[in-house]
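Report on the following structure.
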Amino acid sequence: MSEKGFSGIFPYLVTPFDDSLRLKEDVLADLVNHLISKGVHGLTPLGSTGEGVYLPSDTKKRTVEVVVRAAGRRVPVIAGVNEMTTAGAIKQAAEFQRIGVDGILVILPTYFPLSERQIVGHFRAVARAVSCPVVLYANPKYAGWDFTLPMLQELAEEPNILYLKDASGNTGKLFSIMSALKGRIRVFSASAHVPLFVFMMGGAGWMAGPACLIPEQCIELYRLALEKRWEKALELQKKLWPLNVAFQRYSLTPCVKAGLEIQGFPVGPPAPPQKPLSEEEKKAVSRVLEKIGALESG
Amino acid sequence: MSEKGFSGIFPYLVTPFDDSLRLKEDVLADLVNHLISKGVHGLTPLGSTGEGVYLPSDTKKRTVEVVVRAAGRRVPVIAGVNEMTTAGAIKQAAEFQRIGVDGILVILPTYFPLSERQIVGHFRAVARAVSCPVVLYANPKYAGWDFTLPMLQELAEEPNILYLKDASGNTGKLFSIMSALKGRIRVFSASAHVPLFVFMMGGAGWMAGPACLIPEQCIELYRLALEKRWEKALELQKKLWPLNVAFQRYSLTPCVKAGLEIQGFPVGPPAPPQKPLSEEEKKAVSRVLEKIGALESG
Amino acid sequence: MSEKGFSGIFPYLVTPFDDSLRLKEDVLADLVNHLISKGVHGLTPLGSTGEGVYLPSDTKKRTVEVVVRAAGRRVPVIAGVNEMTTAGAIKQAAEFQRIGVDGILVILPTYFPLSERQIVGHFRAVARAVSCPVVLYANPKYAGWDFTLPMLQELAEEPNILYLKDASGNTGKLFSIMSALKGRIRVFSASAHVPLFVFMMGGAGWMAGPACLIPEQCIELYRLALEKRWEKALELQKKLWPLNVAFQRYSLTPCVKAGLEIQGFPVGPPAPPQKPLSEEEKKAVSRVLEKIGALESG
Amino acid sequence: MSEKGFSGIFPYLVTPFDDSLRLKEDVLADLVNHLISKGVHGLTPLGSTGEGVYLPSDTKKRTVEVVVRAAGRRVPVIAGVNEMTTAGAIKQAAEFQRIGVDGILVILPTYFPLSERQIVGHFRAVARAVSCPVVLYANPKYAGWDFTLPMLQELAEEPNILYLKDASGNTGKLFSIMSALKGRIRVFSASAHVPLFVFMMGGAGWMAGPACLIPEQCIELYRLALEKRWEKALELQKKLWPLNVAFQRYSLTPCVKAGLEIQGFPVGPPAPPQKPLSEEEKKAVSRVLEKIGALESG
């Protein structure tokens, strides 16, 4: 991790497990090594794609241990904290810090509707429980709420809340946030966005599932953006876009897990009630990966 | 439990715990004894009001043990199963059955959007994991999805799926469901409904939070409905309605916990990110309880 | 109209027109005579079912003239005012009053999102433009907004705003409104509600499309409610409910127009972009009407 | 209009009228001349900002006549057709073509929910009623529906449906549409988007309200994009963005009308139920315009 903080391509790692939700540690370590060898700038276990909300605490703890050890400080690890209670999130965040993560990504799954005050209170409390950098995350499509600019301005008072991963898909909203919080909170693109445009606006990078499947292409996109070779970058973005579309059409995790299986990583099925892709759907993903040139590398 | 199945007033028990989410077993047992002494027809620990989604597995297990033991088979106990994964829900359901519950109420908290097929698959699988009766539950205001009539018709194929607790607030929808599934799936009212009208349509009873605070009045309402004394029942329903309104205005659990504290049960605060009621809000709840005549009985 | 104000069954009249949207005056007058002969308590031209938002001003004016003349003061006529601008609504309301209506039903179709202040301002201004009683109407399923209790309390300051036709389908909401505005604003049921329950709560009546097709049965339901013969009423409500369901499944106006054609009234098709029912759908409506016993009376 | 079709900056003209909704023809002609003198590439009367849904037919007809005459074929005029019925839209479209517009922008305000089939049917029918190019328009924030890709693919079968003005704000969606319909349907940005990114993806231009207030800056942004001077363009886009934000915060038309009044065009107030900006809000808009350098030009 550079002194300038997190930036670049951070794959949202899937969590490989068998039908009993037992972690496949070797497959996970292999995936970590594979992605680092491809040049990713960091790793994010237990993001949405990592099915963190679905796993028992001890599996989550073990997942982070495996990733941190396999990464061996070659790249920063930002682990997803996704507990419904503030107490649970605080405990998990502290635990992940002890394990040695470089940052945490805080997700707040909701059951009861929460007020802005309650949401801000949760993220603040978790941030105060650790000394490492914190990435805020909300997915309005899943949760029915999103950070407002005033909420972000309040949260920016916490010195270690440094990043936002935005999944709204609304570039205009991002433009407003980045103008208002310039230099204070940096933004990572999600796959609901056109990542190139987030890079262009000065985004820190792209944190998301596709980078598990097409790490080289994602890195190339980021590199072209850094070099301000916009037309070249746009051309590549167009080529990669069908994978974002596939992610939106099929469920997120089932899609990444299917793609990795196609590429030769036996990551197993998603946890029910999610279902694996049908054979038909797998073929569609396979075709998309082939066109992008991501099937040789499995 | 009568041979005719579950019916009547089933309070959605709060789960009393301290600031560290440690179960207050004695307070819970006291509450169980108090409610049974008032005449409730059953008890439902770990429904929404019971903050089941917020508690660790072992606390949930212990909660059910305490309730089952304190109830001592005087009334049926229907325990809430509220896990995000099908595997977790199956495990929890089986465990609750071993502890000795008379039925389970299955709640499916969602993070990723799920298809109807995936939702039906979850409830089917959990129902097959137990031999006791199953109550289906969905809260469209919390979760963004609700059972459709075709989904219910499919689920009615499982012989032990016998009840639905509907929280839509839409009486017309209930009317359609009850017409279509007459005699196959019986409906419990939630507090989003006007329970009297659900009774009138032939509903099995009322499963919800207010019965923790006003058990006698809820039972009286149910009794009047059984006796078809509709005008008398309507008069009582009008008197009780402001409590439903308070529940909708303030958050559900904070409101019931505040009311029980006012009545003398030290059930403690809700789990953050939920927040206890403000002094102002507590006074409003207190006034409502006083008007209903539910403050002498604490 | 009795001194006690409007009450009972008010069919939402369809507006019969040919493919060029030319009013079929004779068919309309026939329908008015037919419904009055069946005993309806009033008539509501240009409600949603009347496609008021779809018709040019002069057609709407003529529609009201035909209905007022055909009714011949035998029953009150409450005409729908459904203009997007306040100026247009004021003009139309005044015009309808000049024609001789007994009341107006004010609908506010929205294009731009409006604030509560803007909505209240509209209804207030229209109410002040007439001396006759005003019925408020909002359809949250169509418009994305609904009256809140504070909005209704503010509007109740206007002395001639006396009624609300609620289409939320949420009986609990209605219960709250009727408790808070008891005696000040009376509520008419829409077909999204179970009308019997609205009658039971003290509702003024039922204003809606089905009464065009099954006037006698609607009147009987209302009469049974007046006589407090609740069980008998419930039995009838159950029998009629499938028509409400058909209304919700198929589009409203196409469904009523199809039913009237089946009954022998050549009311013509709905205005495109709405489409007439398919043959399949017409058969379904026909079967529902037959079961209710509403096909002999055409 | 070049042989290559419409492109560039098309201000969504406000419709200047007095308190009685009487068209201020001279003010409108002045505005047209002013904007053409500033270099805009075309004019769009009766878009959302033009309050087309709020005006009587004859005012709309007169508005288009004034704009077409004042424009004098110096730039193309694309007039908004915004009728709720297909018959009304067909009539209006044909009328506008007779007056001499170069294209029409078809808006479908909805009251009753419509199926995809009904929506496609409407746009198809209107397109067939004219020989000039047609711009499709939907505003999901106003109407609760949006074009799906299959709907657009079906509509692209009509030879004169050539453009889409997208107001979703979702750049990813646009990316998918532009990939799938490349060369067949060209996309105009709305102000909910970051227009620069739409230009970058190959968008045809920007059709929206801000160009009434800052025509030179909008044209400059478009020119920089044409010249592929992306960094310079991004810098300008950042400077202009606060105006988009103001548009989103305050209502659209009230905001543009207030800004034009500040710039010296007596365009009058918006039509109630919309309300003019408060003094406070006007000052905020004024400050935004000043920063952009758009107050000298009034």
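So that you can tell them apart, the chains are marked A, B, C and D in the order they are listed, and the count of residues begins at 1 in each.
To be clear about the criterion, contacts are C-beta pairs under 8 Å (C-beta built on N, C-alpha and C of every residue); 3 or more make two chains touch, one makes a residue touch a chain.
Only a predicted model underlies this, so the values are computations on that prediction, with no experimental measurement involved.
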C-D or B-C - the one linked by more C-beta pairs in contact: C-D
B-C, A-D or C-D - pair sharing over half of the A-B contact pairs: C-D
Cα-centroid distance, subunit A relative to subunit C, in whole angstrom: 52
Approximate Å spacing (C-alpha centroids) for the pair subunit C, subunit D: 36
Subunit A, residues touching no fewer than two other chains: none
Complex interface listing, subunit A residues touching subunit B: 20-21, 48, 53-54, 56-57, 84-88, 108-114, 117-119, 121-122, 125, 141-144, 251-253, 271-275
Subunit B partner contacts - residues on subunit C that touch it in the complex: 169-173, 175-176, 179, 192-194, 197, 200-201, 228, 230-231, 234, 238, 241-242, 244-245, 248
